[in-house]
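The structure under discussion appears below in the form of structure tokens.
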Amino acid sequence: MVSEEILVEGHIIDSLILSKILDEILQFGGDFRLKEVHVGQRRDDRSQALIEVQAPDANQLGRILNQISKHGATFRTPEDVHLIPAEQAGVFPEGFYSTTNQRTLVRYQGQWLEVRKQEMDCGIRYNPAEGTFECVPVIHIRAGDLIVVGHRGVKVIPLERSRELGTFEFMSSNVSTEKPKNVIIHDVAQKMRSVKEAGGKILLVGGPAIVHTGSVRHVVRLIEEGFVRILFAGNALATHDIELALFGTSLGVHMDRAIPADTGHEHHLRAINTIRRYGSIRAAVEAGVVTSGIMHACIRHNVDFVLAGSIRDDGPLPEVITDVLVAQDRMREFVPEVGFALMVATTLHSVATGNLLPAWVPVVCVDISPSTVTKLSDRGTFQTVGVVTDVEPFFRELLSELGVS
Amino acid sequence: MVSEEILVEGHIIDSLILSKILDEILQFGGDFRLKEVHVGQRRDDRSQALIEVQAPDANQLGRILNQISKHGATFRTPEDVHLIPAEQAGVFPEGFYSTTNQRTLVRYQGQWLEVRKQEMDCGIRYNPAEGTFECVPVIHIRAGDLIVVGHRGVKVIPLERSRELGTFEFMSSNVSTEKPKNVIIHDVAQKMRSVKEAGGKILLVGGPAIVHTGSVRHVVRLIEEGFVRILFAGNALATHDIELALFGTSLGVHMDRAIPADTGHEHHLRAINTIRRYGSIRAAVEAGVVTSGIMHACIRHNVDFVLAGSIRDDGPLPEVITDVLVAQDRMREFVPEVGFALMVATTLHSVATGNLLPAWVPVVCVDISPSTVTKLSDRGTFQTVGVVTDVEPFFRELLSELGVS
Amino acid sequence: MVSEEILVEGHIIDSLILSKILDEILQFGGDFRLKEVHVGQRRDDRSQALIEVQAPDANQLGRILNQISKHGATFRTPEDVHLIPAEQAGVFPEGFYSTTNQRTLVRYQGQWLEVRKQEMDCGIRYNPAEGTFECVPVIHIRAGDLIVVGHRGVKVIPLERSRELGTFEFMSSNVSTEKPKNVIIHDVAQKMRSVKEAGGKILLVGGPAIVHTGSVRHVVRLIEEGFVRILFAGNALATHDIELALFGTSLGVHMDRAIPADTGHEHHLRAINTIRRYGSIRAAVEAGVVTSGIMHACIRHNVDFVLAGSIRDDGPLPEVITDVLVAQDRMREFVPEVGFALMVATTLHSVATGNLLPAWVPVVCVDISPSTVTKLSDRGTFQTVGVVTDVEPFFRELLSELGVS
Amino acid sequence: MVSEEILVEGHIIDSLILSKILDEILQFGGDFRLKEVHVGQRRDDRSQALIEVQAPDANQLGRILNQISKHGATFRTPEDVHLIPAEQAGVFPEGFYSTTNQRTLVRYQGQWLEVRKQEMDCGIRYNPAEGTFECVPVIHIRAGDLIVVGHRGVKVIPLERSRELGTFEFMSSNVSTEKPKNVIIHDVAQKMRSVKEAGGKILLVGGPAIVHTGSVRHVVRLIEEGFVRILFAGNALATHDIELALFGTSLGVHMDRAIPADTGHEHHLRAINTIRRYGSIRAAVEAGVVTSGIMHACIRHNVDFVLAGSIRDDGPLPEVITDVLVAQDRMREFVPEVGFALMVATTLHSVATGNLLPAWVPVVCVDISPSTVTKLSDRGTFQTVGVVTDVEPFFRELLSELGVS
């Protein structure tokens, strides 16, 4: 048996952190001795525990320590990070530290430094020129880059559950369809207002059902009032939005009568063709061809948008970025500005955006199907608040709560 | 090979009726010769077809004829119905004619008589005193009752698809979550208004999610304005409605804050116990104990209600009818008055009510899950218009369209 | 501020019990001081905490203490239970203790006695003749019955999470469709075998989809091999099972070809009528009319069954208990014998059975829709292991794992 | 009022084609006179109808004629197609004919020529060198290309419903979860065998749930036995397949025990990194690093695969095509060889593939969620047979039916 002493501190009892750590030690084949436990007597006191972790061999001990380090456990005697140069471009060195989306510190020359551009499923690269550390996806690794290896000298600061009922606290574990939504939407509106007032930008990640359900005018109002400042979407949302602007239909269905138009199934392709003729959505808006809709509002109100391509796209529209790695990088550029993310009716773009966001950006995911919401949390974006409801009434109520309907 | 000549007439081509009949003849092992076809030249002209149906033997021919009689096919040379007395109480005679929910005529002494109390999955009983025919469920058969056997002398009048885009026409085949709901809800409101103005009663069939989603106040408004005149529900809806009136919670969750109350999971049982102490919901309302909610509104505004029991009930409340056959009969009493049925968030009560309604009563079924809507249509209530949406916003928009919010 | 000292002991840290208690004290408006905490050093050591709970007034303190008593918290200085006689039949006294499905002790004359017939949403009645306590549903209360009031003298023993990976441990929190089912089914089989070998009875709670999906022969094999000893179902399962035995169809669809039969929609009604003519399913089996299927196997192999009625039933079959309270009591009679419950493709009967089972009976719930599984856990049957999969292949694999296919 | 005479012939009555045409004429604001109708007397006789279509103006008449041409209606007096040169690269000329996935003929110099590379949502380009017509997506249009405009001279040959119960006939309209799946899987197996024997290739389109559900070994068997010759998938399927080969986990969950591995959430990233170090999956297989799994089997058995990128990809693996238009073109190369498409547990890749396949390639779509299946049909791949079932048991039963388990 080998062992190592680790420390955890904070609200580790009522935040369940101590429980999770002990649980994982056992679950992954180790054992523990609680050497010292100081429990805060009152709700605002912090607690502290010194734990001896035991495992059959050094390898398993390493894996257990690595695992529990995600919950903020650190070595009793801290050491500096290990840095190893990448041998090949686009490849991490063996044993690289794989990041989470939680706030992370790295100990370098005896100092704890915060890692920049926090993002899950990356490596951590040292920038010698600036003396900083940052998350880097594997494709951007250059030969010779200094990469953090192992978990020594890395400390994760897990988000503590707020001890009071904070915004969203009540919703966090549950995607039930049977909750009173108006209360939840009221809180979403409050959060959006406070983020906007604090100068943060609100990101909308949206799927084409926004158009099909008749929600275009609601999103346009959000844009006009500054509640949506960045849009991540795909070819489909933009195409059907422009189809609606040009033909009054979405997927060939008249939005004002809910009946199919004659030859309506061709409208989306004709809309794409029209925009391609003008060279870009912006050009078509400026030429007065597209005079309404979400894309029109984005261009008129300087909302940044990233339209990311997918293999099921028809066309696509000229602004669509067809290389997915280029699209990811373009999305990454906007992540630091995002103070709040509203994800509506798209699994693909929601999971993609969730992959890029740090854990401290609040995410609200709205879908009529519970599975989309579940999938987002399962994939690591655990800060997601799921609202299982219908898209159009959600937006209508949201506008009403924001006082901009 | 044996054969029989049958006639069909009406808008049999654009209503797909002729196609369905030819299709079923082939599907069930028969063959056909189209002996005469007169196709109406213009949209308002009726068409007529004389079809020789062929089958390998008389039994199979009988089954095919029985099958296609559901689409209105009749023998070229009509005969009177066959009546056979029931030997046992509660049992149909062998070979009894099994009813649909479509308008049905019976030929008796050379006259075509409309069957009363049309209901699916019943037998047809002759009432010699009044000279009338009516649908009867098997449990109400008395020994000696005269019951229609076979399909001779029975004619079904299928609902023709309206040739213009009538109310609901556009929605009928589709439960998609991606349709613009406001158009649909607008039409539902219009239909409810016209039924109310014509003196018909609107039936609400509802599940407890009406309470959990915060829709009680909307339903109360519908009752106050006369838009709901009959309520079919179970113990759960009434219990949670009264729990809300007494404790401000539903299933233990505060409706105004969407957070669980301490010991809230006990509230529904305490609510039931309180009502049981007063002897009935009505008594508790009259004693001033229950002063708000759906059940309170029903009693104050003379809305008839049937609370039908189920095996998952706690309590139950005193008004709950615990014998399901008694509950069915109580529901049957109200069916003739129903001009429109709105079914919300309950599979059990919706299917049960669908079983009792004739096909010409319009049914709108609202649920956030597509499967409930599909199940209702699959079980024979094919006139159902499904609206896959969230319950609370549905009611909110409905009230707004009705101008009573 | 008022306060009270409470004690909790056991594996309260890694079972999350301490965390939950502190959390609920805060959540429901109280505060705490951890007066003494002894944390077990090793995994098998038990921990102990003495907590001073504070609240603004005595009422709120009472509600908080009541709430946390569900997690096993007890007064530092225990007292006897308070007993109050019921004034009316069918009504609990004001302030009655509302039960959970967890093992519960009552302190009477200084002794801790285990409550019998443990069932959620009941009261606890003292039986002076035998000196025992038992759970009683509200409808069975007689005037004068001595009922436990308040939470003094009541101790709940929550199921501790096993500290090793026990059977089912890994599945407990998750109903994902993306798990390897064969591992789960392997464990279900092992559990069924061990319950059977220990002399426990396995209960099958099933819906008609068992018949529609072609699983009848699998269930028959389970019955033949003694793996199903009790069946809870409704009219629909029995009717379609007998329809299949008589006509080869289920809901009118040929099971061996998956195509609709001519006039097949009438088969279920004709099946019911046939059984009604014989007076009972048993009589029809004994007369050689029904010679295969689940109900046939139940009768041939002395499997007890309860067919509980619901308002959507056609017919019903003679054995169906149409009063839901009588059906519940009949189900209660079998609960003490149940060592394992397998619930398949029925929300109504699963929730109803879950209401009656104590928390220590393992429950496996199989459905192709995640919502049924979720609903069962939400309604308090938290020991449920959900398996989101297709019914027929589930049974096929289960038989193979049991070695009886 | 303007009018035009059109002809339809074939099994237009029992195939519902005549009904649909008359219906759409009315629905889109036109009217009709049935000038001559010859109805085939027997089931094998073809029918013929001459219809005068009327509309308020020439534009609407044009749209109606365009719409009904999808059902095979042609002008009584046929004319040659109109060809117009594209002015810009990547843009169709105004009024271009938008294709369906049905077999299409073009009349050129008095001759009817079949259009090649049939694909929905394309234009039709004339190749003067070869005298042929072919479908072309908008991105591949070059300035000067001759493109079909309008619907004159274009004839669509709709797939007639087979008049006998052909393979899959019974399943076509229904994605019910309540059908006996073994019958359906039996038919799928038969179809796969007959396609293989006729020299056609079977395409598997798969999502990562194939790996998560423990189906890798089944797919490997299909590949070994030649039942899968082409694979369309994404980075996720290949990554988790290789994660399983390297670590025994999928998304960090041990496949043989269904429990999470310590640090298992990092495995997929380490798997990607390992393959990137070797430069390609093929190189890693040849180096003996990857020795099992689907990708290993593809390389060992010369199965062609296209791994198409998406914005939610981590890594990605070297073979993943990150530009979605390049990926679409690569998929198009394989379409002509596909005799049967099996789509499992992926909405994105299934819809993308459905967009490329002509209507006469049979498609079976397997998913535990009905919505994926519905979406595929809604998007125009109407030949899809949906099987709502669990993935792993589906494959297990399929292998058993194919006799290769």
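Letters A, B, C and D mark the chains in the order given here, with residues in each chain numbered from 1 onward.
By definition in this document, contacts are C-beta pairs under 8 Å (C-beta built on N, C-alpha and C of every residue); 3 or more make two chains touch, one makes a residue touch a chain.
In this text the structure is predicted, and so the values were computed from the model without any measurement.
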item	value
Centroid comparison with chain B (C-alpha atoms), farthest chain	A
More contacts between chains, A-B or A-D	A-D
Distance from chain D to chain B - Cα centre to Cα centre, in angstrom	39
Separation of chain A from chain D, taking each centre as the mean of its C-alpha atoms, in whole Å	32
Between chain A and chain B, centroid-to-centroid distance (C-alpha), Å	46
Interface hub residues of chain A, defined as touching at least two other chains	27, 165, 259, 369, 371
Chain B-touching residues of chain C, taken from the complex the two chains share	24, 27-29, 60, 63-64, 66-67, 88, 90-92, 96, 98, 121, 137-139, 259-263, 265-266, 269-270, 272-273, 276-277, 308-316, 322-325, 327-328, 331, 347-349, 351-352, 355, 369, 371, 380
Residues of chain C defined as touching chain A within the complex	13-16, 18-19, 22-23, 26-27, 31-35, 37, 39-43, 163-165, 176, 370-371, 374, 378
Of chain C, residues touching chain D in the complex	165, 170-171, 177-184, 209, 212-214, 251, 253, 255-259, 368-369, 388-390, 392-394, 396-397
